[in-house]
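Chains: A, B, C, D, E and F, in written order; residue numbering restarts at 1 for each.
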Amino acid sequence: MKPVYITRRETFNAAHKLWREDWSDEKNWEVFGKCSNKNWHGHNFTIWVTVKGVPNPDTGFVINLKDLSKIIKDSVIEPLDHRNLNLDVPFLKGVLASTENVVIKIWNEILDPIKDAGGELVKIKLVETENNYVEYYGGKEPI
Amino acid sequence: MKPVYITRRETFNAAHKLWREDWSDEKNWEVFGKCSNKNWHGHNFTIWVTVKGVPNPDTGFVINLKDLSKIIKDSVIEPLDHRNLNLDVPFLKGVLASTENVVIKIWNEILDPIKDAGGELVKIKLVETENNYVEYYGGKEPI
Amino acid sequence: MKPVYITRRETFNAAHKLWREDWSDEKNWEVFGKCSNKNWHGHNFTIWVTVKGVPNPDTGFVINLKDLSKIIKDSVIEPLDHRNLNLDVPFLKGVLASTENVVIKIWNEILDPIKDAGGELVKIKLVETENNYVEYYGGKEPI
Amino acid sequence: MKPVYITRRETFNAAHKLWREDWSDEKNWEVFGKCSNKNWHGHNFTIWVTVKGVPNPDTGFVINLKDLSKIIKDSVIEPLDHRNLNLDVPFLKGVLASTENVVIKIWNEILDPIKDAGGELVKIKLVETENNYVEYYGGKEPI
Amino acid sequence: MKPVYITRRETFNAAHKLWREDWSDEKNWEVFGKCSNKNWHGHNFTIWVTVKGVPNPDTGFVINLKDLSKIIKDSVIEPLDHRNLNLDVPFLKGVLASTENVVIKIWNEILDPIKDAGGELVKIKLVETENNYVEYYGGKEPI
Amino acid sequence: MKPVYITRRETFNAAHKLWREDWSDEKNWEVFGKCSNKNWHGHNFTIWVTVKGVPNPDTGFVINLKDLSKIIKDSVIEPLDHRNLNLDVPFLKGVLASTENVVIKIWNEILDPIKDAGGELVKIKLVETENNYVEYYGGKEPI
């Protein structure tokens, strides 16, 4: 009963800014730099979702990629793609839109749907630019 | 006196939307689709600038990449990076921010500085996502 | 009236082989090498379609990417994706399935639909592996 | 005695289909979708093989990459490249050719040769498309 | 208090060779192959540095990427970029410049500065070519 | 008789420096910057060679990629890979090793072998880093 890990990639393009209303402009600039631009900036985000499981002997699948892709599209891409992460996304309301905070919130959105589809979500990698990304394991600490 | 073409890449992350004030919401949606989201979306843009010239016998250079990079950074990256293309950029004021329109405006910003540095700008490629990009040759039609 | 060139990427995964029935196994191997494997092999193909035009002053578009994407999906991806290029594709019947021959046949499939959508097809780039691709300009010779 | 992990990439291009003879066409389509196309489809597969070890003080190597590359080429690339995974590969006979099943079988082929070369195989990543890949750790569960 | 892992990429271009003075030319060639070329060769190295931590509730950051980037640039890119790894780098003096050995030495250079900035270094990935890379976890064995 | 353009990629890893013996250290630094490091630096170079032709009706090939690959390997990769461009390469002796100068010299090495194989060399693209590359058309000016 040896597990295999399968990963699906999806993408979304969104605007955001790193900005706290309760801080001065100077404080926002000092901490968040150009990411604090008031009129927003944006990224082509890439999300990689990893599911763990023993391949089903009937199908050879840990999880059917059609199902996994549909879950990600319904729960992540639909609400985030071509949106403003600070203004448009119900599950990000009130959240400072750093990639760290966003990846944690996305985890909560897809954990149960993946479980319902028979898979175990173990990792999300969220890539913001070619130079930085975050990874989240639901609180586990593999490293 | 055989010319070589040298290309430099730079990147910028920006917000924008495709939206006309003089159109109804429905018309904006019909034409621009999800790109018309009122609260903006954004991209990691990549710009490739191509300069033509005969290598200088003293340096082996068509143009010094330090100079070319500085021109692109001063004239393009500084005004566009972590900005809103519709709101924050003087040379894009009043311009519908399609990649086609943006690439033409960028051309005008760097044509003369590159000429002053001894080079001939012949092409700009502006990549919006992994699935689409535009190329502009200053009106020339190589294809 | 200065033209801009816009390019859309789509992908398809297909099987094929390079093989002539009227040649001996030895001759097929000599010319086509491992590409002549009788039981097929396959690739993740990437197609880049370039359309030329002056941006529409109302939309900023050379062509609406939604339209261009739909044309490529209907005319190329639907018939080629998860197919056998030698057996399953009506417009490739009887064609030796080299990338050179395939790109020419694809051109014929999308030339008119793109024209009907108001665009001018000027280039198709068909990538077979990370190490080789072909480009076709409809018979024009830009280089 | 602190271990370093070294990874080598190789590629192969192969045809396959997801198909069960004991299922109806409808059932195959329902589960495997377009991957069940009877006449096959194919991919450019990329394989990443990770070996763990303490660098040899004489060479600075965990394992000589020439040796690791030769093992992968002899045991994986030679039997899989430009082949049909369902028909042509002795060690995949009778195996439903999902990436999950294929990565497990590849593990068995290279585990001992890598051990004989003084290394410890700890991970294989098998990439099928830019949108999906599988990882296998020989049954271990690092995540 | 669930940790997130954040990774920053930087690049450097350097020359090196794999060569032992106390070995004959033949022995060097036998073990190191073309990497033993006496007059050096070189690479575009890419380094990925991963820091673990719980996002700061005030900033949403595990570590400010400006700080992380500055640490890597000061401690790694400045001494290694456009240098000879065998001759020019104080912290690599006397080290056989295999990627395995280099990644261990880089770890020692950035461990404390990252700790001083409030982060916990957990992984460095050093990519030498598109076909090989090493990973180091400071001696930990996640796999 | 419509031409198709086929391109083959190969790679080589080499050391070089931009340095003139007849200039002072200061002058070298002023013009060539960190590329003038006396002890060399290096790159993973990528070369893309484009050949033009009408597909052979018997084979579907503009040129057999096995032949094209062999020409590039024999004439370019063998003399440049894991070498010092300033010291080790007969056809670069006395040449200031800028990418512009190197691409012109490579052109001369492969023009005739490709012609002998029935192809017409029309373009070489030489990529030095992810941020810069040069293109050469043998003196033609397509743009």
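Simple rule for what comes next: contacts are C-beta pairs under 8 Å (C-beta built on N, C-alpha and C of every residue); 3 or more make two chains touch, one makes a residue touch a chain.
Bear in mind that the values here come from a model prediction, so they are computed numbers and not experimental data.
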- Just how many steps, at minimum, does a route from chain B to chain E need if it may pass only between touching chains? 2
- Task: Using mean Cα positions as chain centres, tell me which chain lies farthest from chain A.
- Result: F
- Note on the structure: Chain centres computed over CA atoms; the one at greatest distance from chain C is chain E
- Item | Inter-centroid spacing, chain F versus chain C (mean Cα positions, whole Å) | 28
- Item | Multi-partner residues of chain F (at least 2 other chains) | 130, 137, 142
- Could you list each pair of chains that touch, in label order? A-B, A-D, A-E, B-C, B-F, C-D, C-F, D-E, E-F
- Item | Footprint of chain E on chain F - complex, ascending | 11, 13-16, 34-35, 37, 39-44, 81-84, 87-88, 129-130
- Can you list the chain D residues touching chain A in their complex? 18, 20, 31-33, 95-101, 103-104, 130-139, 141-143
- Touching residues on chain E, where the partner in the complex is chain A: 2-10, 50, 52, 55, 58-62, 64-66, 122-123, 137, 140, 142
